[in-house]
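You will see chain A twice below: alongside chain B first, and alongside chain C after that.
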Partner chain A sequence: MNTIAQIALTVLMFGSLFSVLTLSLNLQYARGGMINFGTVAYFAAGAYAYAIVTQEPPHGLDQYLVGLNAPWWAGFIAAGFAAMAFAFLTGWPTLRLRGEYLALTTFAFAEMLNSLLVNERGIGNGTVGLANVERPDAAILGLSENLVYAGAAFLLMLATAYAFGRLLASPYGRAVDAIRDDEVAAEAIGKDVARLRFQVFVISSIPIGFAGALYAMITTLVNPDLFSAEVTFFVWIALVLGGERTILGAVVGTMALVGFQEVIRAIPFESVRAAEIAAAAEDIVTGALFIVILRWQPFAALARRRHSA
Partner chain B sequence: MTLLAQYALTGVVTGCFLILATIGFSLTRQVEGFLNIAHAEMLGVSAFITWGLNAVAGWPIVPSGIVAIVATAFIGLAIGRIVYDPIRKLGPAVVLISSVGVAYVIAGLMHAVIGTGIRTLDIPLATTYKAFGLRITNYQMIVVALAALTGVSLALFLNRTKTGLAIRAMSTNPELAASRGIDVRQTSRATWLLSSGLAGLAGVMLALIATLSTDIAFHQILQILAVAILAGLGSLYSVIVAGLIVGIAMDVSVFWIPAGYRPLIAFAVVIIALLVRPEGLSMMKRS
Partner chain C sequence: MKSTVSIKGVLLKSTLLAGALAVSTASARADVTIGVLVPLTGELGEFGKIVAGAVELGVAEVNAAGGTKCGNLRTVVADTGGNPEVGIREATKMIESEGAVAVVGPTSGVMVALVDLAKRTKTVIMSPYAGTITLNELGGDYVYRTVSSDLGDGAASGLWLTDQGYKRVAFMVQNEESTISPAQVARDKLETSGIELTDYVVYNPGQPSYQAELVSVLANEPDAIYLAGGQQSGVTVIKEATAGGFEGEWLFTADLAVPEVFDAVGAQYLNGRAYVEFADADSSLPEFKAFDALYQEKTGGEPGPFAANSFDMANLIALSLESAESCTGEGINSVIRDVADGGEAVSSFAAGKEAIGAGKDINLEGASGPLAFDASGTPAGAYSIQQAKDGKWENVKFYPASAFE
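== the complex of A and B ==
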């Protein structure tokens, strides 16, 4: 019973956290028509910004150069700004590209950031990463740490969903939809297509940065391995799993995927080889799910049916 | 100066390998119309079939390599028919994302069957030749020779044979090709065989010049993508130029900046190319 509650809490925590990423991706792809294959970069930017702003100045064997020792909320805000800044930097040259070219260049930018984090030890100790990232003391609220952080992740998800929901329901959101549906027509009635796309790209990267900060608080560790392209693929799979274009779908898809992974991880293994095979099986099933869902699109069909009814 | 020339020479070898790895990818992009992320995994499949036959079953290297290439070609064809054909109508983005799923499945299967750790082929150690102070191993020369041979025979195939011309027609204008009586399904199958076979060849080369681990494929896809974007996904000849540029740029960069950045250089080249000449890519917008 206890383990089940534990798993449920972990799923809630990481599910909510990654839902923020899925929601942002949903805004970029399903509403903005932009394929961002570098999602992890904004996540990493947020996590590293948080760690750098809150950590103590370097001493002893530390190789990083900057540690501001600021309170956690300053780091949290900095994380949002860092993700936004990186979106500015990457969005400006790439957003004139379309479809798969955009996917490739955003992917390239994410790899470049990862490579920088590995090689420039002055940012965050290179591959070693920054351990013991500071975080607010959960004991103040009189609850267990996991519960507090699961709650925080859930709140961040709700806030993101609410903000995006409001944004898309506004006239601004309709302009965004118009561009996705027919770029030429939108331009003809006076919408600045390039500018709107850029705005959507930057706005949707901010919550990813916040999620990165929260992730750094939860794991108390940031290193380049945590922010590999697998995170990007993970979020994409979650988005496809839940069926694009709905906020609920994005959340449910992420929760289902995180739950699936946590359940596999909770199975005790007798040998290293068995664990290895289980990890491989996780990949195989994830990939197969991906193929099957895209092939038959059950969720999209469901959404259509609900729409027409 | 000799050191710089040595890096440039190594870069040519890297470039030749990248050409072999990317040509199949570009061919798929042109004829099937999508970016096949799982292409790099086919390199891994081929490399490990070679390894299995050579190091485990004790076959000589040449038949192992040939069997691996043929097997990879047919595996690629099967994947193309089963996975990609039914969803092609849903658009390139959907197929692109599906191919990530395929890459996951193949990578997972390889992990399950082979396990982690580093593998090497059961072949003699490389012999190094020296000329003008530059060193090159016999395996590296094989890579360069095969890349050149592949380039020439592919050009002949695409320009002289009926199937080759059909593939070119399909890549330029699928509807027109179909209406002029080209068997679209047959051509598509030929393309899958050809591109996967080329991936198989590149995989065997990879097994020759590198140590093998099951996550090797993922590192290749980054460089393949870099070469493919730089080449503009347009012509196969530009792949040759782009492959050499990326290969040489990566290896020569080691002369000035830390070797850890080597993979990054590939993308730096691409991003600079995009900034300077974005119209070169946007001209080839999917229609």
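== the complex of A and C ==
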């Protein structure tokens, strides 16, 4: 496979996967008005649930307590439930908060989960993590594994975009918009603000759990390092790049962000010195690109044009 | 209008760049590509640079000796920052786009994440420093390392703490796999030796201070503190323990076996009372002496930690290519165990190539020591203890693999 095709496949795989997170954040923040700075926690809940359900029971030096050795589809379903359950747990006490208070609380919950995964080794082997995570054999389809997993991520993204699109285009979606625009007015016409906000929060977390399961299949590894706050910031940056409130914007922003990372790393360096210089310059180049994009917002403009068309 | 023109310009340039990339990739196909996947940035960046440099030196020697029968070796270097996801992306690119037959240099977390990819794509992956115990189970087929398991580090540390005659020892262990696993083995050794373990503290990295963890440790006045920590957290712990009045001795693990620790802490606080343990080559072996001389001649400096193990990876892969029936990862995997064990002893690529050409089986004696792989693709380990003297680490004790039998 040539370099360009490989880059395109990687962008499709990871771009689609993280687009699911951005779409969920778009629903929570841009449409529901809830600032969630703990997106990674629902992603981690899904990934860990998938790994625990599909992992063999502990043996040897393993320190995790439960491994159900169930098939991949059981783990995938469990991942959605785990993210939903975590959204219940965190949404119930926090959603009465607004703005930056909600942002800080969700961030704290995500850090708590990360700390729990690091220190309670019975959950997922602590910092060692769960390795060699089970994944369905893509070879039976006669295609390369990368192509199959990129396709799976793309399908998950399409399904999420379709479901959220239908939801937001319905009267329910208009009620969500009404609450974001003016809570008092929405309440005055009989909308149950607390219940709607809670529902949106929980519904939007389910695809994040599925994305977590798919991520665990792709990396075949779950450990706390993979689920740091960086993932949350990545998704927020993608949402800002693509422009808020449109589904296309969320997807384009995420694809563009993953694309930048891949293009910057596309040159095959044949010497250590060249690779060292490139590694050091990568953050500078990325930062400069962000400034340019945020100044002219080409992706947001594109998404808005398509939206209004 | 203006923006349309500029977008077209960018598109044109992108296309030209992409075309140039494709051409450069195609033209390099005559050689055999080896991916060098190391952390050049992040906490393990210093080690990554040493590893990549030593692999580069090994590859240069192979090519200077006429290359393998499959052609000259070509390296493609990429930075992982120690992140497994980046590791998967970069390794996939190396294998799928660059045609790499082997990927060398990943750290423990990246190595574990690459196991599935290696077996699926039939590409050999090899690490000179991934001591993770997870590979004790997953390694062996397409997955190799030229360093022993972390459990061996723990055994060596336990042996040293016992040999020193300490009566009371405290453990400060960073909450990471690479530090907890050896610490557990070292603790078992202390218990069987009758040494009192005054504290066993597991701390999380990234904290601005470790004074809370040190309160109990210092109050119990141990003879020595075993500090299994990373460079960032380790330096903070050492500074705060020193400020808190600790006057005993230290035993550090491999992450602190770098000269930078003297600048960060202050050499006067370490000289004469700090030791460091790490998996190491036997410096008395002629193979190591030859490597040491070559390294100094080519780079002007002394080889750092894991440099010999990294140099061995390049030779192992080159000689495997030389004796394999096909110039692929599958070919390397089918012969690599035979190259590392059981024939005429050779210590360089040139000598090995000559012996293979004469139809002999070879046994590559590495610069880091014997490379015979066990079932998990791991060689038996040897370990060095160095002492801080005059702002430098100096060898004081070497434990060969036979010390643990």
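Please note the rule applied: the second predicted complex is superposed on the first by the 264 of 309 C-alpha atoms of A that agree within 3 Å, B and C clash if a C-alpha of one lies under 4 Å from a C-alpha of the other, contacts with A are read in each partner's own complex, and residues count from 1 in each chain.
Going forward, a residue touches a chain if its C-beta (ideal position, glycine included) is under 8 Å from a C-beta of that chain, and two chains touch if they have at least 3 such contacts.
This one's a predicted model, so the numbers in the text were calculated from it and none came from an experiment.
S.K.: Is A:V118 touching anything from chain B or chain C once the two structures are fitted on A? First, second, both or neither.
M.R.: both
S.K.: Report for A:P171: first if it touches chain B alone, second if chain C alone, otherwise both or neither.
M.R.: neither
S.K.: Quick one: classify A:R265 as touching chain B (first), chain C (second), both or neither.
M.R.: After superposition on chain A, A:R265 lies in contact with chain C alone.
S.K.: One more residue to check, A:A280. First (chain B), second (chain C), both or neither?
M.R.: A:A280: touches chain B and chain C.
S.K.: Classify the contacts of A:T220 with the two partner chains as first (chain B alone), second (chain C alone), both, or neither.
M.R.: A:T220 contacts chain C only, not chain B.
S.K.: Starting from the residues of chain A touching chain B, keep only those that also touch chain C in the other complex, and list them.
M.R.: Correct list for chain A: 115, 118-119, 276, 279-280, 282.
S.K.: Applying the document's contact rule, which stretches of chain C touch chain A when the two form their complex?
M.R.: The touching residues are 3, 7, 18, 21-22, 24-25, 36, 40-41, 49, 52-53, 56, 74-79, 81, 83-85, 88-90, 92-94, 96-98, 109, 112-113, 115-116, 120, 132-134, 136-138, 175-177, 180-181, 204.
S.K.: In the complex, go through chain B and note every residue touching chain A.
M.R.: 34-35, 83, 86-87, 90, 92-94, 96-98, 100-112, 115-116, 218, 222, 225-226, 229, 258, 260-261, 263-264, 267-268, 270-271, 274-275, 278, 281-282, 285-286
S.K.: Please name which positions on chain A make contact with chain B in the complex.
M.R.: Per the touch definition, chain A meets chain B at residues 35, 93-94, 96-101, 103-105, 107-109, 111-112, 115-116, 118-119, 229, 233, 236-237, 240, 273, 276-277, 279-291, 294-295.
S.K.: Can you list the residues on chain A that touch chain C in the complex?
M.R.: 1-4, 6-7, 10, 14, 60-61, 115, 118-119, 126-129, 131-132, 135, 145-146, 218-221, 223, 225-226, 262, 265-272, 274-276, 278-280, 282, 296, 298
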